[in-house]
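Okay, structure first, notes after.
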Amino acid sequence: MAFDIYDFTSLTSSIHEGLATFLPPVGVLIAEWLLVGISVLLFVAVFGLILVYLERKVCALFQQRLGPMRVGKWGLLQTIADFIKLLMKELITPNKADKFLYNLAPFIVIIVTFMAIAAIPFAKGLQAIDFDIGVLYVSSVSSLGVIGVLLAGWSSNNKYSLIGAMRSGAQIISYELSVGMSLITMIILAGSMQISEIIQAQSTGWFIFTGHIPAVIAFIVFLIAGTAETNRGPFDLAEAESELTAGFHTEYSGIKFAFFFLAEYVNLFIVSAMATVLFLGGWMPFHVGSLDGFNAVMDFIPPIFWFFGKVMFVIFLIMWFKWTFPRLRIDQILTLEWKYLLPVNLLNILLMTLIVLMGWHF
Amino acid sequence: MTTTTLDFDTIKTQEYLVNMGPQHPSTHGVLRLVLKLEGEIVHNVDPVVGYIHSGIEKMCESLTYPQIPHLTDRMDYLSAHMNNEAVALCVENALQIEVPDRVKVIRTIMDELQRLASHQLWWCVMGMDMGALTTFFYGLRDRELILDIFEETCGARLTLNYSTPGGVMFDIHPNFQKRVKDFVKYFRAKLPEYNQLLSGNVIFRERTIGIGYLSKEDAIAWGVTGPSGRASGFACDVRKHHPYSAYDRVSFNEILRTEGDTYARYQARVDEMAESLDIIEQLIDNIPQGDHQVKMKGVIKLPEGEYYQRVETARGELGVFIVSDGKKNPYRVKFRSPGFSNLAALNHMSKGAKIADLVAIMSTLDLVIPDIDR
Amino acid sequence: MNQTELADYIGILFPEAGITLGSQFPTIEIPSEKLIALCLKMRDDVNLTFDYLFCLSALDLSDHMSVVYHLESTKHGHCAVIKSHTSNRENPVIDSVNDIWPTAGFHEREAFDLLGIRFNNHPDLRRLFLDDSWGFPLRKDYTDPARIVER
Amino acid sequence: MKAIFHYVNDIIKGLSTLVSGMAVTGHYFFRPKLITTQQYPENRSTLKMKERFRGEVIMPHDTNNHHRCTGCGICEMNCPNGSIEIITKMIETPEGKKKKVIDKHIYHLGMCTLCNLCIKACPTGAIVMGQNFEHAVWDRSKLTKVLNQPGSEIMTEVKE
C-alpha cells in the first residue's frame, strides 16, 4: 500500500537489530524497556502540557476571551511556567491524613495512565505492545484509576475529599459498563480485539461509516461514557468546584496535584485515542470509495498526522461538552447510566449483531 | 457452632457536619453554612453570617442625610442605585419635597438598568454554580455595557452614589438616550441566547425543576420577596403595589409564577429582564425637561418622627427605616435588606435536598453577602 | 380597610392599645405583656390578616428599648406598625414573635446581637453578626475607643 | 408502547436541547472577532476613561500655579469619611489686610470612597474628579496627598 513508506516497523526493527549487535538478549530487552519507558514519559509530559494549553485556549474562545497571552507569544509558554510553579511548590500533607495512602494515591493514578498508553497505536508499527486483547486491556487498566481517586479522597481526612471520592467511585464503576458495552459493539463489527487488526479492518472504511446506525449510536454513547470516566465536565462531580471546592484532590498541592491534573488530561487522550481506533479508523487515512486520485492524496499524509488529527477532533468535542453544559447531580448521573445508556447499549449490541450476521454493513 | 448474622439495625449511618464556607466558591462571598449531612442529603443548614458585618447602621447615626446614600452603595452593591434611591426617597418624603418629573424618570431608568445588570450577574453566576462556566462570561459581557452607561452618566461603575436627597447627582449625559436604546436593542437579541444556553438545557432543567420548593404561604411567612418570592406566587412587587418614582406611569407585568421551585425562581428573573427592557423602552424617549436636582438647604434636618420607605431592589424588598430626633444626623437607621430575610428561609427550603441542590437553591435566592451582613 | 377603620377595629379589640394616625402607617403602641395576643389577633383575624412582617427594628430610647414591627396584609393590602417597649433598658426582655411570623427569627437575632434585647421563647437566640465578647454596638452608650474614631 | 414513545422522545428532545446549547458556544468559537477581552497594560495609550469618571480628587492649577480654593472647608464638612483635611494660614495682603488662605489641602486617597460629595459642595469649583485610576503604590503614606501645589496661590477672579 502507498502508506507503507510511513511504516515505523522498519525503524523499530533496525533499532532492535542495532542493539542486538552489542548486547545480550536480556540487555536488549532491558534497553528497549528503558527506551519505551522514556519515550512514553516524554510523550505524556509534553502532550499533557500541550493539552492543558489547548484546553485553556479552546475554553477561552468559547467564552469570547483570549486565554493566556502573557508568557511567550500567544501564551505558549504558560503551561511550562505553571508546571515549574507546581514543581517548586511545597508538598503539604494534612496532619491527620493517612500518610502512606495519601502519598501513594497520585502515583496510582499516574501509573495507570502510563499503562494504558502502552497499547495505543500512534501509527503503523508505533505501538509499545500489541496485545491480542488490546481493547479489553485498555478498558480494564483505565478503570483502575478510580482506586487512586478513592484512596486520595479517603486518606486526605477531609469531608469534601471523601464525598468527592465516593461520587467518583459510584460514577466510574457505572460508566465502565457503558464504555465496555460500546467497545463490545465495535468488536462485534471488527471481529477481533487486537488493536492492530481492528485498524487494519478499517482500511476500506472507518467503522463509523461502515457500521452506520449502531456505530454512530455506539460512538455517542462512548463519548458520553468516556467523558464521565475521565471525570470531566459535565460529569466532573468528583471535583465539582462549586460544591466540593476541589473534591478528591482538595488537600493535594505541588507535584502531587500536578499528577492528578496530568492524569486527567492523559486520560482524556486515552479515551479520545480509543474512540479514534474503534470508530474513526485509527491512523488510517480518509478514503472515499473509488476516487483514486483523492485517496492517493490522503495516503500521502503520514498516518501519525491522521491519528493525532482525529484524536484532537474527539478531544475538541469533549472540551466543547465541558464548556457548554451544566454539571449533573449524582443521582442523575446514575439515572443516565442505568436508565438510558445501558438499555440503549444493549439494544445497540443486538442491532449490531444482526447487521453483522446479515452482512448489512458496508 | 454459632453463626453470626449481620444485624442491619445495629449498622447506623451517622449525621456529620460540614462547614461550607466562609471561603467557598458557591457561597458568593463570605457566607458560612454549617451543614448537617447524611451522605449527600442535607438535613439542616445553619447560616452563619457576619464575616463582613461593617456596621453601616451604626455609621449612619453619625452621618448627615446626604452622606448616607454613599454607604448604602456598599450594602447590596449590585443594586447600588436602588439603595441610594431608597434613602433619597425616604428623606424626600420626610421633608415633603416633590422632586421634578425628570428626576423621577431618570431614577426609574437607572433602577431598571441596575436591575438588568444585577440579574445578568445573577444569571452568569447561576450557570457557574451549576457547572456551566461559559455563562459567566456571556453574562458579564452584557453587563459591561450597562456599567459603561453608568460610568458615562455618573462616573462610577459599581458604587454609583447617584441618587441624592432632592434629585440625582448629575444630569444625564447627552449620549445617554442613544446608548440606552442601543443597549436595549442589543440585549433583546441576546436574551434568547440565554434561554438557549441554560433555560432550555435538559441537564439544567433536570437539576432545577422541583428542587427547593417554597409554597406561597411559606414565602409570605418567611418574608421571601423579590423574584424568589414571586416565583412562589407571593405578589410582593413594591413597584406595583406601592409605586414610587415613575413606576405609576409605566405599564409592566408583575412576573408571578406558582411552581415555587428553583426553576420558577430562575425563570422569574429571566422574565423580569425582558420586563425591565419594556419599562426602559417606555421611558427612554419621554424624559421630561427640567432640573436634575431640587435646591436643598445646606444642612438637611428631618422633622422628629419615624419614616419608612420601601423600594424593590433586584433581590426583593428593601426597607429603609429612619428615626429622626430633629438633628442633622438620624437617631437610628434600620435597613430591612431583602437578602437577610431570603437567607432565613434557606434552611426551610433545602431540607432533604442534596448538596448540589443546595448550591442551586442558594444561587436562585441570589444572595449578596454585604446585603445580609450590612 | 383604610387607616381610621383599622384604628377603630383594633381599638375595640384592644382598648389598652394607643393608636396614632396621620403618619405613613397607623401605629399601634401596645404594652409588652399584650404583644403576643395582639400579634396573634393581627395575623389570624379575617378582617386584618397581617400575614407579612416586612420589618422588625429595635431602638434604644435612652430609658427603654423599643421594638417596631412593620406589618402588611397580602390579602387586604393594608399596612400597620406595632410598637412595644421593654421596661428595663440594661437587661431588656420582650416576647418573641418567631412562632407567628417565622421571618422574625433572624430579625430578632439581629436585634439581640446589636442591642442586647432578649426575646422570650425564641428557639435559637444566638448572636448573629458579632461574637460573644462584643458589646451591643447599636446602644447609644456603646463605646469602642479602638474602632470608633470621633472627629 | 406509549411509554417507549415517551422514552425515545425524552432522549431526542434532551439531545436537541444539548445541541442547541452547543450551537451557541460553537457560534462564538468560530468567530474570534467577537472577543471582548481588553489587554490592559498594552492598551493604555488608547484607553480613555469617560469624562465624568471618578478616579481621584484633584485640584487643577493654571499655568501661573494658581488654583481656585479659598480654604472655606465646606468639602471637609461634606466628606463622609474624613478624607479631606484643610489647613489654613493667615497672610497679609499687599493692602495690609489679614486674610485666611489655604495652606494645605490634605487628601487621604486611601480613605476616600469617591462619592463626589465634596466636588458637589465646593462653592468655587476648586476641586474636581481626576481620571487617573492607577493608584497602586508600595507605601500607604503615599496615598496621603497635598492637593495644592507648593507656592501656589488663589486665582484673582476667585477672590471675592
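So that you can tell them apart, the chains are marked A, B, C and D in the order they are listed, and the count of residues begins at 1 in each.
The definition used in the following text is that a contact is a pair of C-beta atoms (placed from the backbone, for glycine too) under 8 Å apart; a residue touches a chain by one contact, two chains touch by 3 or more.
Remember, predicted model here, so these are calculated numbers, not experimental data.
Peer 1: Between B-D and A-D, flag the pair that has more C-beta pairs in contact.
Peer 2: Answer to which pair has more contacts is B-D.
Peer 1: Looking at C-alpha means, what's the farthest chain from chain A?
Peer 2: Chain C.
Peer 1: Between chain B and chain C, what's the gap in Å when you average each chain's C-alpha atoms?
Peer 2: Centre-to-centre distance between chain B and chain C: 25 Å.
Peer 1: Could you work out how far the Cα centre of chain C sits from that of chain D, in whole Å?
Peer 2: About 41 Å, centre to centre.
Peer 1: What is the distance, in whole Å, between the centres of chain A and chain D, each centre taken as the mean of its C-alpha atoms?
Peer 2: 51
Peer 1: Considering chain A alone, which of its residues make contact with at least two other chains?
Peer 2: Residues 62-65, 323-325 of chain A each touch two or more of the other chains.
Peer 1: By residue number and range, which residues of chain D touch two or more other chains?
Peer 2: As it turns out, chain D has residues touching two or more other chains at 18, 21, 24-25, 36.
Peer 1: Going by the touch rule stated at the top, which chains touch which?
Peer 2: After working through each pair, the chains in contact turn out to be A-B, A-D, B-C, B-D.
Peer 1: Within their complex, state which residues of chain D touch chain B.
Peer 2: Of all residues in chain D, those touching chain B are 13-15, 17-18, 20-21, 23-25, 36, 49-54, 78, 80, 113-117, 120, 129.
Peer 1: Going by the contact rule at the top, pick out the chain A residues touching chain B in the complex.
Peer 2: For chain A paired with chain B, touching residues are 59, 62-65, 159-160, 163, 233-234, 236-237, 240-245, 323-332.
Peer 1: For chain C, which residues count as touching chain B in their complex?
Peer 2: 23-25, 27, 51-55, 57, 59-60, 68, 70, 74, 77, 81, 101-103, 105-107, 110, 114, 128-130, 137-138
Peer 1: Across the complex, what residues on chain B touch chain D?
Peer 2: Spelled out, the residues of chain B in touch with chain D are 63, 66-67, 70-71, 134, 141, 144, 148, 151-156, 159, 161, 164, 169-170, 173, 193, 196-198, 200-203.
Peer 1: Write out the stretch or stretches of chain D touching chain A in their complex.
Peer 2: Touching chain A from chain D are residues 11, 18, 21-22, 24-26, 28-29, 32, 34-37, 39.
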